[in-house]
Every structure is written in structure tokens, then in C-alpha cells.
Amino acid sequence: MALLVEKTTSGREYKVKDMSQADFGRLEIELAEVEMPGLMACRTEFGPSQPFKGAKITGSLHMTIQTAVLIETLTALGAEVRWCSCNIFSTQDHAAAAIARDSAAVFAWKGETLQEYWWCTERALDWGPGGGPDLIVDDGGDATLLIHEGVKAEEEFAKNGTVPDPSSTDNVEFQLVLGIIKESLKVDPLRYTKMKERLVGVSEETTTGVKRLYQMQANGTLLFPAINVNDSVTKSKFDNLYGCRHSLPDGLMRATDVMIAGKVAFIAGYGDVGKGCAAAMKQAGARVIVSEIDPICALQATMEGLQVLPLEDVVSDVDIFVTTTGNKDIIMVDHMRKMKNNAIVCNIGHFDNEIDMHGLETFPGVKRITIKPQTDRWVFPDTNSGIIVLAEGRLMNLGCATGHPSFVMSCSFTNQVIAQLELWNEKSSGKYEKKVYVLPKHLDEKVAALHLGKLGAKLTKLTKEQADYISVPAEGPYKPAHYRY
Amino acid sequence: MALLVEKTTSGREYKVKDMSQADFGRLEIELAEVEMPGLMACRTEFGPSQPFKGAKITGSLHMTIQTAVLIETLTALGAEVRWCSCNIFSTQDHAAAAIARDSAAVFAWKGETLQEYWWCTERALDWGPGGGPDLIVDDGGDATLLIHEGVKAEEEFAKNGTVPDPSSTDNVEFQLVLGIIKESLKVDPLRYTKMKERLVGVSEETTTGVKRLYQMQANGTLLFPAINVNDSVTKSKFDNLYGCRHSLPDGLMRATDVMIAGKVAFIAGYGDVGKGCAAAMKQAGARVIVSEIDPICALQATMEGLQVLPLEDVVSDVDIFVTTTGNKDIIMVDHMRKMKNNAIVCNIGHFDNEIDMHGLETFPGVKRITIKPQTDRWVFPDTNSGIIVLAEGRLMNLGCATGHPSFVMSCSFTNQVIAQLELWNEKSSGKYEKKVYVLPKHLDEKVAALHLGKLGAKLTKLTKEQADYISVPAEGPYKPAHYRY
Amino acid sequence: MALLVEKTTSGREYKVKDMSQADFGRLEIELAEVEMPGLMACRTEFGPSQPFKGAKITGSLHMTIQTAVLIETLTALGAEVRWCSCNIFSTQDHAAAAIARDSAAVFAWKGETLQEYWWCTERALDWGPGGGPDLIVDDGGDATLLIHEGVKAEEEFAKNGTVPDPSSTDNVEFQLVLGIIKESLKVDPLRYTKMKERLVGVSEETTTGVKRLYQMQANGTLLFPAINVNDSVTKSKFDNLYGCRHSLPDGLMRATDVMIAGKVAFIAGYGDVGKGCAAAMKQAGARVIVSEIDPICALQATMEGLQVLPLEDVVSDVDIFVTTTGNKDIIMVDHMRKMKNNAIVCNIGHFDNEIDMHGLETFPGVKRITIKPQTDRWVFPDTNSGIIVLAEGRLMNLGCATGHPSFVMSCSFTNQVIAQLELWNEKSSGKYEKKVYVLPKHLDEKVAALHLGKLGAKLTKLTKEQADYISVPAEGPYKPAHYRY
Amino acid sequence: MALLVEKTTSGREYKVKDMSQADFGRLEIELAEVEMPGLMACRTEFGPSQPFKGAKITGSLHMTIQTAVLIETLTALGAEVRWCSCNIFSTQDHAAAAIARDSAAVFAWKGETLQEYWWCTERALDWGPGGGPDLIVDDGGDATLLIHEGVKAEEEFAKNGTVPDPSSTDNVEFQLVLGIIKESLKVDPLRYTKMKERLVGVSEETTTGVKRLYQMQANGTLLFPAINVNDSVTKSKFDNLYGCRHSLPDGLMRATDVMIAGKVAFIAGYGDVGKGCAAAMKQAGARVIVSEIDPICALQATMEGLQVLPLEDVVSDVDIFVTTTGNKDIIMVDHMRKMKNNAIVCNIGHFDNEIDMHGLETFPGVKRITIKPQTDRWVFPDTNSGIIVLAEGRLMNLGCATGHPSFVMSCSFTNQVIAQLELWNEKSSGKYEKKVYVLPKHLDEKVAALHLGKLGAKLTKLTKEQADYISVPAEGPYKPAHYRY
């Protein structure tokens, strides 16, 4: 795909796969709106006052139908938006087309190369001469990373003229990042510095991105305020858990049509994502084995009747392997060689380094047979036995299915909208320093409350006496910060 | 699509959507073979002796990847095969292409019109001058129906020259059947009579077809022996139950991406199919309401914590409606008008008359918005509220997803192979009269046994003393005929 | 306990543990009545016409609170009743006391010796000079056995004066049976013969008893008509399945207070009882392993995510062993020696020979430590490791808890009442020969229907058109005889 | 029961129901030890060094078999112990007897009056002339309360001679507390002041007690350091959740034998306790309705397929009511009057004021029928309809069954031992101020780790590279403080 920016008739930039899918995208967006009561309530509550008037928002987050409803909520509140995906396989092309046509500048398509991916990220951050965005919606932290690396390089360059050297790393993706910055230095040696200065803050969607932010906070290198949306209860205990409970089997079914009942499923990691995955597999009739490093999570797994064993102990008995750890090197090529013929290997947790894709791809004599996009059978030469890898080791629910369903994403994205509003409203108040913040409990509870009506749930009200008895306001917040739900 | 038969280079007839998908179909067939141990065991056990040498088999059964493995098992055992689908939406075009190219005469594509459907059925039955097939694999009984109606018409015609009158019925589909027979009478007034005379028997796949057979047996109109495969335990208690438990959520997810958790699901009917559907919805986090006419099934539902209420009592509270009854007129257009906006309505049980599609289509002012194939939003003019109907009211798991997964279909289809073998081997023995038979228990147990190894299950062996104590042979069969599992 | 019959002030015979518990029993009987809608409906429907007027009914069935409601339903319909328990541990003494005081002749207490047990059985069958009962309610077939063995002995005696020799068998229990008959021959050499002649028939409650009846039918030795209540759907698919799902954890908790979550449970047998047990253990958070001889049941287990392996493969990994097979020699003393310390071993299926109690009791140096009644720790001398055996290997739900709950027993016992009515009403019609019969489907459906209202379930009604379409009467029965539910 | 202290032959004080049950208690304690690996590991690890040498520990915590193992762990580590129960119904008399005979001073029996209860509490705190205990293990905070109220009264008395006036409150229980203090002032006007001065700290077991502590901390009235054991993950996410999942059905079954399947269960509150209760009822086949004030918890309930509605909306449809809120006035007598006949009402959350026992007891004309201890049927005069109240509205799992099982209590109590060790070891370091503390994450993880082996679970080890990649020590702790599990 030639990396040329296109423009709508109204002059808005975009680069998507197929603009003719915009109508289809619009129909699905309309269906999704009915399933996303939190976002629609934000439009109703905040739309009239246009709080984002003048705000430029860059998003780096899976360009799906659900994200489309998020984007159009941001624009409905007055923002101008540029968007890219945070994963090379996660874009739904009809969603991208509809948004590109109707609402925001989009640079995203399903099946980007890594080079295309970083080109898209750069496009989304490029608001023209006036500098970068005011706000960032990030997922996994790539937009944030690019700015931080850019600023670092510009500082080095200012100091001593050093230019980043892509060959200094053997991480292919980081080579691309350094390449982009190197090019940028030639054009404007203060590009990222100006960007950072303009930036009000970022709201980060997911565990991995949040971890990066806390590390930067700890190192004192964080360049702007950040709101950790991931750790809103209505995000991590819903999207991560119930979203994956839904989308793991969805991805497995669409990619392989395999019967889950009767199979042995191995879930690496029993955090929120792993809990959702294990529940899904168990409910579908699989026997589930979990691996864990954390004894508390391991003990939780046992209480649900799951077996807890290291991968090594069971690798040749398992039919379906799922990584959810947020760590690297979980399933190595040596494990894969010991697996049953046609064992399914996939990742729903993090980057494609949970699975040793590099080791697999470079294994001598290995043969890759693409059944269909995102579904590959890899055959080892010695055994002639194959394994099926989904989405090339990347997030299989986004690569092989359509990600999490609208309703649970409405919880997550309502947190995003509220976080963006908070950053924007407080941009001059000094409330937020260059630190990582979590949204206050009452906003978290508000997000939940906005989603109950759609499901027919009715809350019980505390009387004044009861509220006093347990020492909480009758209207909430109801729980101490450390409450675990 | 012009209804012209095409031919492979080897001269075999076919009519499929796109022959270029044959390679893709072949890859998926190879994956499915690993998941269908019963069929592969049949090839190993019976292949060398070529028991179907000389047998012509016509199949009318969803032309999916799994069926492809069935067809190639029949040909591996020596049969010559012609095939059509038994549902206008259920064909997987890549499966059809691979089989048409490599193994058998196929007349099937996804999205046939009713007229095309019956044309395909007729083609599959047409073995040229020598008469029809020796054996039929039927699903729903349409091939059997066509022969019975044909013979009836030929008898009438012979008696008094009467020709069937399509306008004598207001059932659109039956009009087409009568039209075909009417044309056939012009060409050969003994065509179906000769076909019936040649026919050794039929093995029938599903509840609805079996019901038709028992009615014909009761009326004394059954023209050839029939084996009821549906009521093998390894069929009805597996395919119907566990197959639907898998494929209902699969179809819902692919068609609508809707979050099932938190929703209210209504399952009409709590037979094997309904039990599978209710289990799937409950496990996915929905609240499930069941309707039943049979107090025993209703009481079973209550024991699983399900609410049992008539549709009328809950129609406006439900998010997802699923019909599984095998009966007609379950969800009428008047129900649909009272549903929530974007309620999902689908059928996994039987024909498209479980849902009042006719009433919906002809409702004054109703508007149909096709989101994507098999997913339509129907908007009522008065309320401007819409419902989402899947697969035009036909089997949603086959229309919106890929039907049941290979493993459970291996159970069903191994029964089919065994039934076909039984009919063929006993064709001259007089063992089977013009009646409906169920396979003997020991064959049912054999089918199950062939599927255990793949799942790592190991049986316990009875000692001689134990076998005597409970008065069964140590090697089975283990249960009396009336045992319910 | 001295085996002396006592009499109420009204002259009715009884032998119970403690008459002072009658008030407590009465209170619990009143609670149970609310939970047993089927039995109460029988009283309402049939009570006024007193159909059992003149009928003498002997019951041999666990003398629990639920059975008390059954007995008082029989008496409310006009019968005179004598009762014993069919298990030495299953009597609830307060239930026995209340019935003895208020309604029927009872001979039963918790913790009978085997000798006492057979004395009670004999007492229940002894209606004085006029011969035995008109009808028998049997559970496990002991009352039926005693009559059959008695008649056999009397025929031998008449033929050649032979008297049964208890020492001819090494089955301790059968020695007692022969002893009783031997004594009886001295008093009245035609006692059982006269009993059999008077007997209208028996209705049998459970799988084991039914198996005996079918064997006698097959051998041509059955002496009177029998109705197989066990195989009513509303019995075997409810009591056996949902009853055990309830009462297995109940018995485990009361006997051992052990946490089920996290444990490995082994269920021998996956019939209706095994299915209920496995479901209960899985739901409580145990990991469940099933053993099976029947490949169909084994395949069902795999579809529910259960591991299927022989006992030998897992004996040292399991925490809780449960036998449900209806067969003998399932868990042998050599297995027990390999078990974990404090592994729990129990039987919910059948007689105490599922577990090798004899081998355990006679193992050299084994030490029995009674924690509390029905809960023994057995310590092996070599390992100093112990296992915990419940209810001495007999039915643990009745020995360690209170058996199945009232509601599900109402289903079973309503079948009993209907079966007894059927036998009695047809006593002179010749409808029932000396064979085993199952109740017709419409009565089975009626039993279910009587239990729906209590649970708030409402049936859907078939229209005339729908009923015709599926060829059933609108008011049922709805299913063919072979339907498996 | 005359309130006289008795003495063992060795001179240790006690007051229990029946010393002859000590052997039975000892047998069950030995069984429990096998199920409590965390406590046994503490004995192994810390026993040899006798860290509690010289420490006097008072416990106010349900005197059960599990607590017996806790007490004997404390004594095995060198402590001297006095104990009372924290609930009038929760003592297991055989456990109390065994401990009283063998290990510690116990003042507790099942079925204390409130007056007896507070006498026991006072006895447990009375270490003779040398002042009170060094450490307190508290559950619900009654021991802590008595000291705080005592000190407050002694300060008042010192200031102006005021003596507390029991009639100043209409809370019956608080009247007793004031009465005890009033009497104490006569004997020693500095008794509680001296007690507080000696006290190193308290470790508190449960939500309600912790809430009191945080309130005192907020008010600045907390008199000594406190460790909040409840909010260890290995306590609140295990004992509260999995403990109740086990013990709610246990209590229901023992108290009422009612079939749970098919019933409608109402769970007030969906915190950890409510989640466990709802899961248990759902798994047992009930239909579950939840009430919540907190929208987040409510949304969690919907994701599990539970209906969320206020009590008022469903009060007449429910069969089993369970309160788990930790609040008061949840089920009022006016609700009870609208319930179905024989609806079951119980509390597993907190004090007996979740249920309006006062309103029930004083309802004009209401009739109480005691079925058996802790199981009462209350009949309203107007409707003649009754409800069944368990454990007089107090904790039903302890009143009607034996509380939580050993394994999960081992998690909780290992936290207690570690907390007590921490307080004692740091008694002079100043580490703990008069505040409420939670145990550090690594100790929480240690508690979990100690319980994995018993269940056969094996942890996966992080490599150095992986640990670095996610920035945690390879040996833990693995999670940030705010992680919710």
C-alpha cells in the first residue's frame, strides 16, 4: 500500500483500506450506539456545552466500530480528532472508512506492516505546523512512546548533535521508531519537544501502557500528566475480564471453527484477562489448566476448580494455548515442537512477544501454510506435525474476530471520555502534575451507573440512617479506595 | 446464477459458487480431518475392503467442511456420490468447491433461491438413465420428500392422467416441488417410480426429517427402509446439544458482535437443541428464560435455574430470542412489534416458519435494512423501532456461522456412514423392511468409543465378575434400549 | 435394642428409636408438605374417593421425612400401611416416630444391625393371619427378594422337605435372609406362598431393584406384576440426577466439613447419579475426574470438561472418591492403600459392595477411628496414613445427611402413588401380568406438571394448528417413548 | 448456665458446655490440621524459636474446630492464650472442650445469652492482676470495643465521678456492655486503662470490625495499633468469597433440608460475601436476584447473568432471602409479611440487625415455632402464613452449620498468625502507631503460597529477563498495591 495521505471532499486527511465500506461501517456504528449507553449518555450530558471546543485529540487505539462510537462522542463534545490503530491487525476497515468519511482523520487498516503502522502513528500525531495534539488517547503507549523517544533524541541532538542509530537495537520495531525520529530531526529538530509542550496529557487504556507510564513516573522521565484508565474498576474488571470471556471463544471459532468442548485449554496467566479466558473455556466445556507466577492468583484458580501447572508439565497434552500474561517469552519454539498436531497457539494479552514468533519463523525448515488471513499452520520439518498460530501471535480477539463487544467497551470508553474531559478541564488548574492518576471512585461508579438501565438493573437506595451506619454518603462513593470488587 | 451444470476436466458434474476456493476448502478439510476421528477411523477400518464399491449415494445435507469429510469417507469406501445442500444458506462455498473439484458431484452454494435449491436437489438425485441413487443421506427429508411426491404424482398420472397443480397450495416451496414433478412427468412419467425401485434406503439426519418418516411409516406410505440416525444417542445427545451450545453463540457473535453477558435470552423450546442453547447463553452471562409446552422439559429447565414462562409474558424484556422448537408460528410479527429496539430474533431449530417471516415481510410499511448478508434490521413504521433478524429466519448457526464444529459432526456422520453401510450390506437380506430403524446400541457405543482417544479419555474395563453382576457383556452394549443418558 | 414390637395406644404396632421425637418429626413433615406439591395434589385429587380403601400396603423404603409425606398420602387415600427402611442408616428417627404415632406401623431406626434390618423387613410384611400385604412399595427390592426367596424355599420344602441352609453362602446378609425363612418354615410352611397369592403387585423405586426385577422377568421367576417407577422420567432424570447433585455435597459437608473447592474429586460412573455428583463437585470448585465403562457416557463427561480416566491412573491424586456405579468392587482396599492421607471415600450409588469394605475391615493391622457416627478414619499400619470412609460404605447421602430434599422426592413419590393406584385399580382387570411395566408418558408428564406451579413456571400452550403440525395431542403426551430428555 | 469459672487439673480456667466432648473435638482438630497447611507451616517455621514466648493473647473469635487449630498454632509458637467466641451461636462445643482441656483458657458455648456472651468476653480479657493481654485477635471488634468503652468510662469517672448508665441506651447489647464496665469501675477504676497500656495491638478478622477501627482512626480515638487482616487478599477474596460459597448452602441444607434447585434466591449485597452466596445459589440450580446500592457491584452481577432489583420489587416471588450487606435494616418485618409461606430468611453478613428481628419478635400476634435450634418458623396472625428464620437472624453458616471449612480458614488464620507475630516482634520498634495497617503484599503472597502444595498446584517461575521486563522481583511481590485480583 503506497503511503500517501488522501483527503475527503471536505479536505480532511485519511488513509484507509476501502472507502466504499463506509456505509456498512455506518450501519454497524448505529447498532453499536444502542449497545454503548455510557458514551451516548456523555453525548446527552456534555454535548450541548461543547467542552472539547478547540481541543485537538490524537488517538492510538484499535480502530474498531466501538472506537468509532468513542471518536464520534469526542467530536460530539467539540473535539477535533486524528486517529490510528495500536495494532496492525485490529482495524475494522468499515469502521475506519465511516469515520474517515464522516468524522475524523483516520490512518488505519487491517493488516498493516510494522512500517505502515508507525507511519500511521506519526500521521495521527501530526497536526501540522501548530504542533501536536492537546490530548492523547493511548492504548499500549505507542503514541506516548514516540513522543518520549522523540524528545529524548532531540535533547541529545541539541546537546551534541547525536542522531539516533536504528542499527543500535535488534528489536525490529524499535528500529522503525528510531528511523522515524531520525528523519524527523532532519525536518524539525524540535518537533517532539514542541509536541510535548503543547500536550495537556494522555489517558492510557491498557495494562501494558500503564506499566510503561508508572516506570517513567518512577524514573522521573514522564513528560506530561497521565490518567490510568485501565485501573478504573469499570475498565479492568469489565473490559479485561468480561470482554475477553466473550472475545476469546469468538476469535477461536472464527479462526478455526474448532470444537472447544472436550479439549484441554492452557491459559498462561490468571489476571483479569486470564480469568476471563479461563472462564470462557471452562464454560464452553474445555478442561482448563492455568499457569501462574503469583501464588495468590494461582490459589484463586484452584478455588475455581482449575489445575495450576507450569507449561512444561503439560505441553504435549494441551489442545489450545492462550497467553494472557503481559510478559514475554511465555511459549517458546521449543514448547511448540512438543505440542500435539494442530494445537492452537494464540495470544490475547499483550504484544506478539508472549509467543516466540521470532523463534518459530526462523526455525530451520519450518513451513508456514496460511489457511486464511490470521490463521496459519506451521509445520515442523522433523515431525511433520503442525501447530496453528492465530493473528501471527498478536491479539487474537482483534486479529481473528472483532475485539470486545460494544457494551463492555462502552464502560472502558466512557472512562476515556471522562478522563479526557478531566485533563482538558483542569489544563490550567495545575491539578495534574507529570504523574499517573486514577479517576476518582465517584466517576468510576458513575460509569457503572450509566450502564445499568440498558440491562434492566435497578439499584437499591440507602436510607440516611443506613448511610450513616456504614459511614458513606447515601449517593456514594460507597467503597474505600483499596476495595477490590 | 444461471442454472447450468458444469463439468470438471474429468467429466464430473457440478454447480458451485467459485471453483477458485477449492484450495482454501482443501486446507480446511485437512484441518477438519484431525478433528473427526470417527470418520477417519471408518476409512482405516473399512477403506481397504471397499464396501461401497458400485454404490451410488445421493446426499442432501448442508454442504460444509464437515460434510466434505463425510463425503470423502463415503468415496474412500468405494461409493460414487452426488450432493446438494438441505438449506439455502448453509453451504460453505470453499467446501463445495474442493469436493466438486476432487471427489463428488456437488450442486450447492451459499444463498440459493428456493428455486435454485430444488434444482440442486433434483440434480443430486439425477444419476442419469440408469435411475436414481442406491442410497440417500438425507437431512430434513427433502430428497425423500421429492421422491415420495414424485411417485405419488406418477401413480395419479398413470391412473387418470392428472398432473400436479402448483397453484393448489399456497406454500411457496411446495409449489416449486410440484412444478418440478410436473415437468418431470413430461420427460419421463416413471422417473421417480424407477428411482424408488432402485433405492436401498435412506439414512435421515435430523429430528424434523425423522418425524416425517415416522408419519409415513404410520400412514403406510413409506416407500423404502429408513435408518433414523438422529436418535442415535451419539447424534441427538451430542450434535443437537453440544453442537448448538457451540454454534449459537458463534452465530450471534459473527452476525451481531453483541455482548451476551448481561442480556436476557429467551429460548423457545427445551429439547436437546434448546438445552444446548440455554446452556450457552447462561454460561456466557445472559439471564435465560425458557418456554416449553412439555411439563417434563419445563421442570428440567427449572432445575437448572432457568425461568420458564410463555413468550407473551416477557416479550418486551428480552434482548435475544432463539427458537428451537421444531414447530411453527413460535414468534409472530405481533410479538416482534412489542420487542425492544434492536432485539435479536433467530432460529436454530427447524425451518424458517418458527419465526413468522411471512408476517414480518408483509407487514405494512416495514423497512428492511441489510447490515450484512444474513443480518437484517427490520424497522416498524409506527414505532421506528427495529429488530435484528438472522439468516432470514433460517438456521442461524449455518447461515451466520459455519454450523456445528467438526468434532461433534464426526459423531453424527460416523453414524451416517455406519447406517449407510448397514443398509447397503443388508440390501438383499430382507433385514430392513419399509420401516424406520434405529442403529443398535453396540454401534452407537462404537461411535462414541472412536471419539474418546482424541480427547485423552480412557475407559475403565469391566471384570468378568462385574459384568456378570450387572448382567451385561463385558464389552457392551452396556445399557437397555430405554436408557436415557 | 431388644427386638420387641411395641404398640401405640390405639394398638398399632411399631418399633422406633425414640417416640419422644414425634413432635419434631411432625413439624418437619409439615414443612416438607409445602415442598411436595405432587403428593399434596394427589391428596386433593384422590383423597375424597378413598381409592385405597381396604388396601394393605407394605413399604420398604428409607424412613425419612419425605417418605412420611408419602405414607400419609397413601393413608389419606384410604390405605393401611406398614413400613420399614431399606437401608440400615437411612432412617430419620423423628420421622419414624411421627409416623408410628400418627399414621402407620413403622419398624425402622437409624443404625440398625443387619439382623435388625431383616427383622424390620419381616415385621413390615407381616399383616397377621390374613396373609401379607396387597401392595408393596419397594426400594432396592429387599421386600420383593424376601418373598421370592421364601416362596422358593417353601416350594423346595414342599417338594422334598429341604430347609434353607444359611451356611451355604458366605454373603453375610443372605445368610440372614435364609435364616429368617428357615424359621418361618417352622411356623408356617406356606407363609410366603400365601403372601405372593394375595399380592397385587410391587412398585419399585430404584435402579438396582429394577435390575433385579428385569432379571426375574427374563428368568420367568417374577411372581407378581411390577411397576418400574425408577424409569419414569420424572424419577430417574430428577431424583437420581438433581437429588444427588444436592445431597452429595450435603453429606460431605455434614460428615467432614471439608472444603470442596480446590480438591480433586473422582466420580466412578457417569449415569444419572454420577452426572449429578460430578455437576455438584464441579460447581463447588473441585476438579472432577470421572471413570466410565460406557463410551457414550464417557463422551458426555468429556463434553462437560471432565477428565475420564480409570481409577488406577489417578488414585494417589484424588481427595474425594465417590462411587455411583451400581456395580461391585469399584474401590478395593489396594486402591485405598495408595490414597492420600485423609482422602474421603464414599458411595452414593448402590450397596456397600461398591467399596471393598470387607477388604478394608479385614486388612491386617488396620485401625478404625470413629470420628462420629458414619464418619470413620481407617489407618493403615504400614504407612500410618488414613482414609475417611463415610456411612460404612453405604449410601452416604442418607447415612451422613438426610437424603434427597423434599421437592425432588415429591416427583419420585408422586410416581409411586400413581403406580400403586394403577396396580390397585387394575387388580382384577388382568391389565398387568407378571411383568415389569413403566408408567405411561401422560402420567409422567402429569407428575411434572404438578410440580411447576410451586416454582413459578408457566407452560406454553400448543394451538390446534401447532399440535397438528407436530402430530401430538395439544394436551400431550408430547414425546415418543424413546425420547431421552 | 451458672456463670462460674471452672479449672482444669492443671489449673487453667475455662467455661464450656461439655468437657466430655474433648476427645471428639481432638479427633476433628486432627482432621482439620491436614486441611490447614498454612497454620501447620507456621508451626514448622516458627515453632522452634518460640517467638511468642511471654506473650499473652486474648482471642474473641468463633470458637470452632478451625479456631482451635489457630489457637494451638499460637501456643505452639510460645503464647499463652485465653479465648471467647464473638457470636452467641458459633461455638462448636467439642472444639471448645478440646482446647479447654489441652491448650488454652476457653469461655464459650453454643447458644449463649447476650449476658453470658459478654461475661465470656470479659473472662477472656481478664489475665488477672498483671493487667490484660499483650495482643488481641478480634473478630467484629467486641473485645476492642469493650476496652475502648472501658477506658472512656474510666476517664469520665476519673474526671467527674460519672458512672455509665445502662438505661441511657435502648440497644440491649450496649446496655450489657455499660453494665459490665459499671461493675468493673467499682472493683478497679483503672482496669481498662491498665489493659490498654499493656496492649501491643490487635489484629482484626472481619469487615465489620475493620470498619469500626477505621472510624476510630479517623476520629483519633484508636488506643493501640491494629492490623486489618480482613483486607489481606488471601483473607477477603478467599474466606469471604469461597468460604461463604461453601457455607451458605451448608447452613441452608442442615437447617431446612430444602431443595435449592428451582428456587428463587435473593441475595442482598454483592460484595465478596454476596458474590460467594450468589455463586453458590446459582450453581445449585436456583435463580438468583441480587440487590445492590453500588452501581459497580451491580454491574458485576449483571455480567454473571444475575438480575439486579430492589427487595421491594420481588419480595413475594422469592423462596430464600440472604443478607450479606454489613448494613442494617435490610429485611424488615413489613417485607416478611409479604413473603411466600415458608420463605427462608437468613443473614450471613454481619449482625442480626440486617434482618429486623426486633420488628418480627414484637409483631402483634406473631407466633414462633421452633423446628429445631436455630430454625424457627414465625407465623403471622393475619395470613396464617409463616416464614423460616435461621439462627435468629445471626450468622447462619455458624449458627446452622459449622462455618467456613478448614482450608479457607487456614488462609485467614495464617494471616492472623503473621499479623500477631508482626505486632509482637515490632512491639518496641515503633513501627506501628495507633493506626490501622494492612499486611505487606509479600506476606499476603506467602500465605497463598503455603496453601498451593496441598492442592497439587505448581507455580511457574519468572526468569530474570522476564522479571526485569515487567519490573518485579523474580520472587515477588508481583503486583502493585492497588491490584484488585
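Here the chain labels run A, B, C and D in written order, and each chain numbers its own residues starting at 1.
We take it that a residue touches a chain if its C-beta (ideal position, glycine included) is under 8 Å from a C-beta of that chain, and two chains touch if they have at least 3 such contacts.
Bear in mind the structure is a predicted one, so any value in this text is a computation, not a measurement.
Between C-D and A-D, more C-beta contact pairs join the chains of A-D. Of all the chains, the one whose CA centre sits at the greatest distance from that of subunit D is B. If you average the Cα atoms of subunit A and of subunit C, the two centres end up 58 Å apart.
For the pair subunit A and subunit D, the distance between mean C-alpha positions equals 42 Å.
Residue positions of subunit B touching 2 or more other chains: 242, 261-262, 285, 299, 302-303, 307, 455-456.
By the touch criterion stated above, subunit A contacts subunit C in their complex at residues 261-262, 282, 285-288, 299, 302-307. Considering their complex, residues 211, 214-215, 231, 233-234, 236-238, 242, 268, 272, 291-303, 307-311, 313, 326-329, 411, 438, 444-446, 448-449, 451-452, 455-463, 465-466, 469-471, 476, 478-482, 484-485 of subunit A touch subunit D. The residues of subunit C lying in touch with subunit D in their complex are 24, 27-28, 31-32, 34-35, 65, 242, 245-246, 249-250, 253-254, 256-264, 283-285, 317, 341-342, 369, 371-372, 377, 388, 401-402, 404-408, 455-456.
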